[in-house]
Amino acid sequence: MMLEVQDLRVAYGKIEALKGISFTVDEGEIVTLVGANGAGKTTTMRTISGLRNVVGGSVTFEGKDITQIPSHERVKLGICQSPEGRGIFPGMTVRENLDMGTYTRKDHKSSAKDADFARVLELFPRLEERITQLGGTLSGGEQQMLAIGRALMSRPRLLLLDEPSMGLAPKLIAQIFNIITEINKQGTTVLLVEQNASQALRRAHRGYVLETGHVVKTGLGNDLLNDPAVRAAYLGGH
Amino acid sequence: MSLSESLRSVTSGSYSVSRLGEALAKQSRSVRWSFGAICILALYLLPWWPSVPVLGWIVETPGTSFPSVLTDQVVIFVLVALGLNVVVGLAGLLDLGYVGFYAVGAYTVAILSSQHANLPWLLCMPIAVLVSMIAGVILGTPTLRLRGDYLAIVTLGFGEIIRITANNVEWLGDSRGISNIATPPSIGPLKFTVLDAKPYYFLGFTTILIVIFLLRRLENSRVGRSWNAIREDEDAAELMGVDTFKFKLWAFAIGAAIGGLAGSLYAGKVQFINPNNFPLQLSILFLAAVVLGGAGNMWGAVVGGALVAWMPERFRGFADKRVFVFGVALVLVMVFRPQGLIPRKIRKERWLESWKPSTEADLGGKE
Amino acid sequence: MRDWLIYKTFWDLTVTGVALGSLYALVALGYTLVYGVLRLINFAHSEIFMIGTFASLITATNVLGVPMLEAGQYPYRTGFQLVLILLACLLGSMVLSGAGAVALERAAYRPLRGSGDQFGAVVLAFVTAFVVGLVFFDTPKSNLIFGIIGTGPIAWMYLNIFRRGRQAPRLAFLISAIGASTAITEAVAIWGPRDREQYQTPRVLEKKTLFQLFGTDIRIDYVIVIIGALLMTTALLLFVNRTRLGRGVRAVAQDVETAKILGVNVDFVILITFVLGGVMAGGAAMMFTLVYDQSKFNIGFLLGVKSFTAAVLGGIGNLKGALLGGLVLGLAENYGSALFGGEWKDVIAFVLLLVVLMFRPTGLLGESLSKARV
Amino acid sequence: MKKSTLLRASAIAVSLAFVAAACGSDSDSDSSAAEDTVASEVTEDTAATAAGVTCEPVSIAFFGALSGDNGNLGKNIRAGADLAVSEFNTANPDCQVGLVDFDSQGDPAQAPALAQEAIDDASILGIVGPAFSGESKAAIPLFDAAGLAIITPSATNADLNDNNWKVFHRALAGDDKQGPAIATYIQNTLAAAKVGVIDDATEYGKGLADIVRDTLGDTVVASDSIDPNAADFSAVVSKMKDAAPDTIFYGGYYAEAGKLAKQLRDAGVTATLVFGDGVKDNGFIEAAGPAADGSIITCTCADGASFAEFAAAYTAKFPGETPQTYGAEAYDAASAFLAAIAAGETDRAGVLEFLGTYDAAGVTKQIKWDETGEVAGNAVYAYKVEAGVISVIGLIE
C-alpha cells in the first residue's frame, strides 16, 4: 500500500470540510476521487500535500506517517501535486516553471535531470515550442500540460492531479487523459480528482465517490462507471 | 485546562471587554440604559478621577496635569482614532497621512480666527470640518483608485506635504506657527479660560459622544453596509452594484472631517499651533491606536486612542524609555492579539486578511 | 535666475543625485523584496539600515582601531590598507544588518504568520524580560542580567502561545513592523554607543576628485557608491534569476501554495529574503558612512521613507524598478531642490510619486516580482 | 453568567491597579531623585557655611526637553540651573530650594499640560525655560495667566517679546539683536562682497537667517534652505559652489552645521563660514572635524569675567563635563529666582515684581530686564574656531 488515508478530518473554521475520509492507493494504480462541488475532493488533495492542518485522522505514505510534516518535506518523499487551477508561476518562463519541479532534487546538473526534461517534452511537445515564453501567456491547455510536466520533473512516486480537465476543450481533455494513462504506464502512481467523472472512472483502476465530506461508495473504476446510482448522480443519468 | 491552554485562551481574548458587552446585551433595556447613563456620567467626571482613592492611583499622570492631558491628548486621540477607524477599519483603506487632515482642521481655525481674520471659534469649527472634508475629497479623488499599499505611501506623502507647506509658507505662519487662536465661547458657567482645562474636556467628550452616535447610525445604514462589502471583497462589491469608488470617497471624506474636527478642538484649546505639532510620526501613532484597539470596531478605536494618548503621560517616570517600551508593546500585542485588544465580532476581513490569499481564512475554501 | 542656476549646476546635481539615488535604490531593494514575498511594508527596514551604519562605525573604530582624528586631521589611509578597512566595514555592516533582519523576521513577523519558532520566542522573550526589568532596575547591566534570566520562562510561555498556526490580519503585520522599528530606534538611542547625539565615523578615504566630466568634479566616494550599488544590484538580480534559491524566492512571491507543493520551504525562503534585504541595506549603510561619515539613531527614518517611495515609484516588488525608482528620486530631489529651494525637497519627492502613480498606477516598471519576469 | 463576567473584569482591574501602583511608585522615586542628591550634598557641606536666609520650602522649575530628540540640549541647560540651586542650598542650609523638572521633549503639544501642572504646584515660584520657541508660545500664555514668572535661557526668537506677556524674561538677547550684528560683522570685519545664506527652515534658524538676509540686501548672492533631518545637502552645496560667495552664513543648530560645513568643504567651497549662537557647542567641532577650522560663531553671550569660575564649579559638580550651550544662561536665570527667594519673596507676584528691579552681574553678562522682558544691553560677541577650539575674538561693533 503506497498511500493510506485514515479517518481524515479537516475543518475551515467551525465548518468541517472532511468528516472522516478513508481510502488507499496501491503502487502502480490510478485511483480517482469523484464527487460534486463541495464534496471535499480538493481539500483532500491539499491535505495530502500538507497545505491544510488536520483536525483528526492520519495520512501514511509508504508506511510512514506524514500527517504532521510540512509540505516541502513531502515532496522529498515523492509526493507531488499538479494543483487545481494549475498554479503556473506567471512571471517565469516555461523552462523555469519546469525547473521549479526539480527544486527539491539533489541531482541538479546531472544527466538524470536532462533525461526527465526530455521525457516531459516528449510527453508534451507543445511545451517545447513555448519553452522561452512566460507561464502567464500560455493557453489553458498548455498551462495544464506545464503543471503536470512540472510535477513530473520532481520524479514523484505518487502524482496528485487536481481537476486536470477543468476549463479545457473536449479534444484536449481526451489528450490529457491519454497522457495521464501513459504516465501511469511508465510507472508513476496517480491519484486523480475529477468532476469529469466518466472520463476519470474510465481511466482509473479504482474509484471513490465523495459526498459532503464522506466516502459514500468505492469500487473498481468500471464497476462504478456502470453503477446506476453513480450514473444518476454524476454521469448525467445515462 | 492545562497551563498552555489557559495561556492561549487569555491571549485569544476570553477575558475581553466584549464579554462584558455580551453579558449586558442579555439584560433588559432599562438595565442597559441605566448602565450606559452611569458610564457616561462617570466619564464626564473623569477630570476628578485622580482624587478617588484606588482609581486615582491608576489613572493619574504624575508630573503633568491630568485634566490637560485629557483635553490635549486623550480627547484628541479618541476623536482621531474614531475618524481613522472609518477609513482603515470600516472601509479598509490604509491611510498613513491622517495627521494631514488633523492639521488642516487646526490650521483652518488658526487662520480664520487669528492669522488672517477674527472669526469666532464657533464659526471656524464647522468651516474647519468642511475644509478638511474637501481636502479629503481632493486627495481621495485621484488616489483612491490606487491599490492598498500604494495608497499608504501616497497618503503618507500627503501628510508630509501639508506639514512642509505649513512650515515654509509665510501666509500659513511658517515655522513660527500661529498664536492667539480663538477659544470656544463661554456657555453659562462653562468659561473657556486659559487655566481651566475642564470645560474643554466637557466640550470634547460631548463631541466624542455625538460623533459616536452619528457613526453608529452610519455603520448601520446603507453606507455602512457598502463599506463592509468593500472591505470584504472589493471586486465582489463592485459586481453587486456597489459604487465602490463613491463609498470609498465617502469614507475618506468622513474620516477627514472627523480628523479636522479634532484639529479644530485642539487649536481652540491650546491657542497656538506650529508645524511641529503635526509630524509624520503622529500619523503612525494614530494608526497604531486604531489597530491596537481593534480595527473596524468603534469601541476598539476609542480604547486604543485613549490608551496611546494616556500611557506615555502615565509612565512619565520612564522618561526616555517610554517610547522604547511602547514599541515593544506594539509588537507583543500584535503577536498575541493580532486582532487588537477589542476585536471586531465578525472576523472575516478580506483586505485586512493574510497575505496568503486562500489558506486559512476564507470559509468553505475552493470546492 | 533659478533656471540659469540649474543649468550651470546641472551636471553637479546629476552626479550627486545619482549617488544619493543609488543609496535609495539599495535600501529600496529590501522593501521591494519583502513586499514581493510577504505583501508587507517592512517598516523596520530603515532600522536595519541604521544598524548597518553603526556596524560600520564600530568595525572601523573599535575593531580596527582607526582614530577619529590624527593630529587634528582626518585619518586618511591609502592603498591596500584603505581597501582592507573599507572591505572590513562593508563586511561588518552586511553581517550585522543581515543578522538584524533575521532577528526581526523571526521575532516580529513569523509569530504573526502562525509559524513562530524557538528563536523568535527567545528574542521576544528577552525583549519582554528586559522591559519588565526596566521597572525595577536603572542600570543597563542589571537590566541585561534580569533580561537574560527572564528569557527562559517567558520564551517557554511564548512558544506555547505561538502554536496557533493562524494567520494574523495584514494590518497587524504593519503595526508589528512599526513597533519593531520604534523599539530598535529607541534601543539604539538609549543604550547605543553613547546617546542620542550624532556620531561621526572616521574618514579614511580622502575625497579626491578622480576626473572631470562636463566641467564637474567627479569625486572618488561618489564613484564608489555608484559602482558599488550597480554591482550589488546586479549580484542580487543574478541570484534571484539564476540560482535555485532565487527561483524559490520568485516562486513564493508569485504563488505561495504552488511553491509549497513543489517542495519550497516557504519559511526558509522568507528568511533568505530578509537576509538579502538586510545585506543590501548593510552595503548601502557602509557606503552612506563613506560619503557622509556620520550616523544617528534616527538616521534611517527619513531615508527609509524615501527609499520606500523609490520602491513604489519604480513598481513595488520589481527589483529593477527599485533601482530605477531610486535613481529617478535622487535626481528629481536634487534638480527640484535647486529649482524650488531645499526646504521643498520632500514635497518634490512625494509630488513626483503622486504624478507617476496617476499615470502609471503600479509604478514606472509595474509590479513584477509576482507578475512578470524580474 | 453575568456575575462571573463582572467578577473577572474587576479582578483584572485590581491586578492592573497593582501593576500601575508598582510603576507609579517607581516613577515617583525617579522624579524626586534630583532633590535627594541636592539634600545629600547639603548635609556634607553644612558645616562650611554659617549664616544664610531662611524660607518656607519653595522650588523653581526647569521646563524643556530632557528626553526625546532634543534631550541633550535640555539636559545641558538643566545642569546650569541645577548648579545654581545646589550652590544656593549649600550656602543657605535653612532655605532649601527644590528643582522640579518638566520634561516637554521640546514638543509644543505636551507643553500646555506640563505648564498647567507647574502652575498647580503652589511651591513653584519661577520657571527656568521653556527652552525652545515653539513650546514657549504654547506654554507661556498659561504662565502669563497664572502670573508665574519665566526666564528662558535659550529661546531667542525675535517675536517672542511682542505678545504682551508680563511674565516673560530672557537671559540672553533675542535674534533681533544678534541678526543685525552678524550682518555687520560679515559686511565690515569680513568685508564680504558676495554672501551666501542658508537656513534650516526652523523657527530659530530661518528667523535668524531672514534678519541677516534683510540686513545684507543685495550682497546676498545665493540663498537656500535645507531639511535638517536629511543627510545630504548636495543641492545647496552645488548652489553655493556655483555662486562662489566669500562668506556663507548658516542659521541653525550645531549638528546640521557640522554636516553642512563638512559637505561644503568636501565640494571645494572655501568661503568663510559664519554661524549663530545655536552652533556654539563642542558638538559642532565634533561633527565638522577639521572643516570647522576658521569658522566664525556669534553669540550674545560673552564668556564673562566670572565664566571661568562658573566652568570650574560646573566641572566640580558634573565630573568630566564642561558647560555646554545655554548652560551658563540657565545658571544666570536660576540665580535671579534664587536672589528673589533670598530677598524674602514668598509668592509668585513678589518674585515677578522682584525680577523687574533685578540688576546683578551674571556669569554671562549684567542681568537686568526692560519692560518687555529683554535683557538689557545688546552686546554680541564673535568667536572663532581654531584647531578645534572655540575662542572669543571680541565684541562686534
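The chains carry the letters A, B, C and D, assigned in the order they are written, with residues numbered from 1 in each.
Just so it is clear, a residue touches a chain if its C-beta (ideal position, glycine included) is under 8 Å from a C-beta of that chain, and two chains touch if they have at least 3 such contacts.
Computed from a predicted model, the values in this text were never measured in an experiment.
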Most remote chain, CA-based centroid, reference being subunit C: A
Most central chain, judged by mean C-alpha position against the global CA mean: C
Of B-C and A-C, pair with higher C-beta contact tally: B-C
Separation of subunit A from subunit D, taking each centre as the mean of its C-alpha atoms, in whole Å: 74
Subunit A-subunit C separation of Cα centroids, rounded to whole Å: 42
Whole-Å separation of chain centres (CA-atom averages), subunit B against subunit C: 31
Between subunit C and subunit D, centroid-to-centroid distance (C-alpha), Å: 35
Residue numbers of subunit A (touch at least two other chains): 51
Junction residues of subunit B, two or more chains touched: 167-168, 318, 320, 323, 359
Sequence positions of subunit C contacting 2 or more other chains: 165, 257, 341, 343, 346
Residue ranges of subunit B touching subunit D (in the complex, touch as defined): 15, 17, 19-20, 22-24, 26-27, 54-55, 57-58, 60-65, 67-69, 72-73, 167-168, 174-177, 179, 193-195, 197, 269-274, 276-277, 313-320, 322-323
Subunit B to subunit C touching residues, read off their complex: 3-4, 7-8, 11-12, 88, 94, 142-143, 145-147, 149-150, 152-154, 156-158, 160-161, 164-165, 167-168, 280, 284, 287-288, 291-292, 295, 318, 320-321, 323-332, 334-336, 338-339, 349, 351-356, 358-361
Residue ranges of subunit C touching subunit A (in the complex, touch as defined): 165, 244, 247-248, 250-251, 254-255, 257-266, 368-374
Parts of subunit C lying in touch with subunit D, wherever the complex brings them together: 5, 8-9, 12-13, 16-17, 20, 68-69, 72-74, 135-136, 195-198, 200, 203, 207, 217, 219, 288, 291-294, 298-299, 301-303, 333-334, 337-338, 341-343, 345-346
Touching residues (chain side subunit C, partner subunit B) in the complex: 35, 38-41, 107-108, 111-112, 114, 116, 124, 127-128, 131, 134, 157-158, 160-161, 164-176, 178-187, 189-190, 256-257, 305, 308-309, 312, 316, 341, 343-344, 346-347, 349-351, 353-354, 357-358, 361-362
